[in-house]
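When the chains are written out, they are named A, B, C and D in that same order, and each has its own residue count from 1.
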Amino acid sequence: MTKGRLEAFTDGVLAIIITIMVLEMKVPHGGDFKDLEPLLPVFLSYVLSFIYLAIYWNNHHHMMQTVTHVNGKILWANMHLLFWLSLVPFVTGWMGENHFTIASVSTYGIVLLGAAIAYWLLQRLIIKSHGKDSILALALGKDLKGKISPILYVIGILGAFLNIWISGIMFILVAIIWLAPDMRIEHALKNKTNKL
Amino acid sequence: MTKGRLEAFTDGVLAIIITIMVLEMKVPHGGDFKDLEPLLPVFLSYVLSFIYLAIYWNNHHHMMQTVTHVNGKILWANMHLLFWLSLVPFVTGWMGENHFTIASVSTYGIVLLGAAIAYWLLQRLIIKSHGKDSILALALGKDLKGKISPILYVIGILGAFLNIWISGIMFILVAIIWLAPDMRIEHALKNKTNKL
Amino acid sequence: MTKGRLEAFTDGVLAIIITIMVLEMKVPHGGDFKDLEPLLPVFLSYVLSFIYLAIYWNNHHHMMQTVTHVNGKILWANMHLLFWLSLVPFVTGWMGENHFTIASVSTYGIVLLGAAIAYWLLQRLIIKSHGKDSILALALGKDLKGKISPILYVIGILGAFLNIWISGIMFILVAIIWLAPDMRIEHALKNKTNKL
Amino acid sequence: MTKGRLEAFTDGVLAIIITIMVLEMKVPHGGDFKDLEPLLPVFLSYVLSFIYLAIYWNNHHHMMQTVTHVNGKILWANMHLLFWLSLVPFVTGWMGENHFTIASVSTYGIVLLGAAIAYWLLQRLIIKSHGKDSILALALGKDLKGKISPILYVIGILGAFLNIWISGIMFILVAIIWLAPDMRIEHALKNKTNKL
């Protein structure tokens, strides 16, 4: 039951974050197609952030399927993750409205990095409480994706000061890496079931 | 359990979309009945979009009743649907505030078309993973509604350049076609149960 | 399962409506206590609407406990109820910001009346599909509250043109009548259980 | 089932409150790091309120695990708690945007105090309906935390008129006291299980 409510709360927060982001796309006063043009950077930022939040939801969903019990520490680690994700609409709006300035792109990367670290911490705590033979631990293995992502984020954050395209490529690259996140856990779940 | 959380997340996002749309109706500064007048187009847009989102929720709800398992692809197809639907408040507000200009009405249709295609894709993936004898496949049959709707949307999108009433009629027509969406699946569910 | 998702969606929409209403209380620019003064009417409107939405949630919650199955008509009747309730933040903000003008108070009453009629329709459909001996039918009995409320609303709507205090008293009166709504259904549930 | 829906609704409202708070951080017009500076007080207020709401969610979650049945009074006591919490985004935004004036800091404390009293009332009603030997009653014991917090809030509310740092320290202190809230109930649940 505990787990159910943690999932429900996380779903609620993610659903709201993903939806209020669209409020940053202010309805233009003019009614022509050209009035949509200035919104293009905001729209592109929105698409990227939507994909990131969808990835987080998907991964969270898969991770929680391996979880059998939660404790106070896990609840707080989850809250910590939600805190970073709750900042996404703000940095998305800031980046979009200012047409990708160095500061806004770099700050966007910092928030993504914060969320990635928070997710990693949550994963650690779950594995710690479920044991090294738990499905999650087996599924992650060496967790290559989890190790590479922060490095790419840091390149993105610092790269913005040279050329914001470096950041753009890094942030898109991480998204692509994670777009197929489930295979590991889905396979691990199947293996575990087959062995029984 | 997977299915449950997919439904919960979808419910959350749809509930928020349907509710924040009303925020586009800005409270007028004057306090007389005549101050409500300029809001009429926004209100009518809101009613239409509310009905569309209610139709999507109803259909999604019926479709998911036939689903027994979900996979990564279905999760992403669902996210894709939510992406298009998340744009509805924006286009609703734009169309309403600019009193149904060609561009805004046409863009509204594009978003509806995008959502329809996304829904169709989701349906395809569910049928693919559940088989041609699945309840959903039997319920849809030749899926006449699903085939006609995109055509009507395209007429609505292009028709706006001739006369926005063409679009209006098309978008209302599709809504009417879908207002009683459940019968097929409800019947199919009954038939399946009766045969067992 | 159907019923569960109907409840979940309704909970989501009501939770959002109740919460975004508070966004109509715009943060004042000054930082003194006196800067809160102009917000008093908005705050009072908020309190009243909060109580109304809480009553609806409570009653919906009790009503759904007696429901064993839902159909397409019930889903749409529920959507219709949510439509009226979704207009509450708008009329609350309008009424509060314009310090209770005749038009805004009267419109507020119209939305409350619309919601009451929608609730009554939903109740009818549930009783129709569950039978006259259903717990809900027995619990409601002659449904005195349900019959008096619309009359009080109409007095409130028309009374605004004489004196807005008439409306105020009517709307508060209806809220008081409904504040203890559960007894009937709670008793009926107990009786039914005792008989078995 | 009743309990489940109470939890779901509370989760929904808390998820929305926690997320719309971030909307008070208005996206700055400039795109440099220095444009973020004026947002610092708003951000700090946001972090404090986020922690408070997370504490409430965590405690509510633990408290509800000990609950086996709910009644109309408990539903209303819960609504009363949500009412106070729904005011948090408003006072957070007011306090942040006005850089911690006496009035805004003091009002922030009043809302926290209101929520604390509402939580205490809810707890009372649950214990009353579950008995003095209930898990919750045993877990709370003399409820030292519950008794100290209101005193600290009052010091914070009145202290603002001397020096707003007094308030700041009090509000942070209460947060720290509650950050590890679960142990009591987690232990009580274990003890109860062990005895059986």
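The rule is simple: a contact is a pair of C-beta atoms (placed from the backbone, for glycine too) under 8 Å apart; a residue touches a chain by one contact, two chains touch by 3 or more.
Computed from a predicted structure; not experimentally measured.
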Practice prompt. State the superposition rotation angle between the two copies chain A and chain D, fitting on C-alpha atoms only and giving a multiple of 5 degrees from 0 to 180.
Written response: 90
Discussion item. Shared numbers divided by all numbers used: is that above or below half for chain B and chain C, i.e. same or different?
Written reply: different
Worksheet item: Measuring from the mean C-alpha position of chain C to the mean C-alpha position of chain D, what distance in angstrom results?
Response: 27
Worksheet entry | Chain centre separation in whole Å, for chain D relative to chain B (CA means) | 38
Response to the item:
Residues of chain D that touch two or more other chains sit at 8, 12, 15-16, 20, 23
Practice prompt. Within their complex, state which residues of chain B touch chain A.
Written response: 1-2, 5, 8-9, 12-13, 15-17, 20, 23-24, 71-72, 75-76, 79, 82-83, 86-87, 89-90, 93-94, 97-99, 101, 103-104, 107
Fill in: chain C-touching residues of chain B, taken from the complex the two chains share
7-8, 11-12, 14-16, 18-20, 22-23, 25, 27-33, 35-36, 47, 50, 54, 57-58, 61, 64-65, 179-183, 186
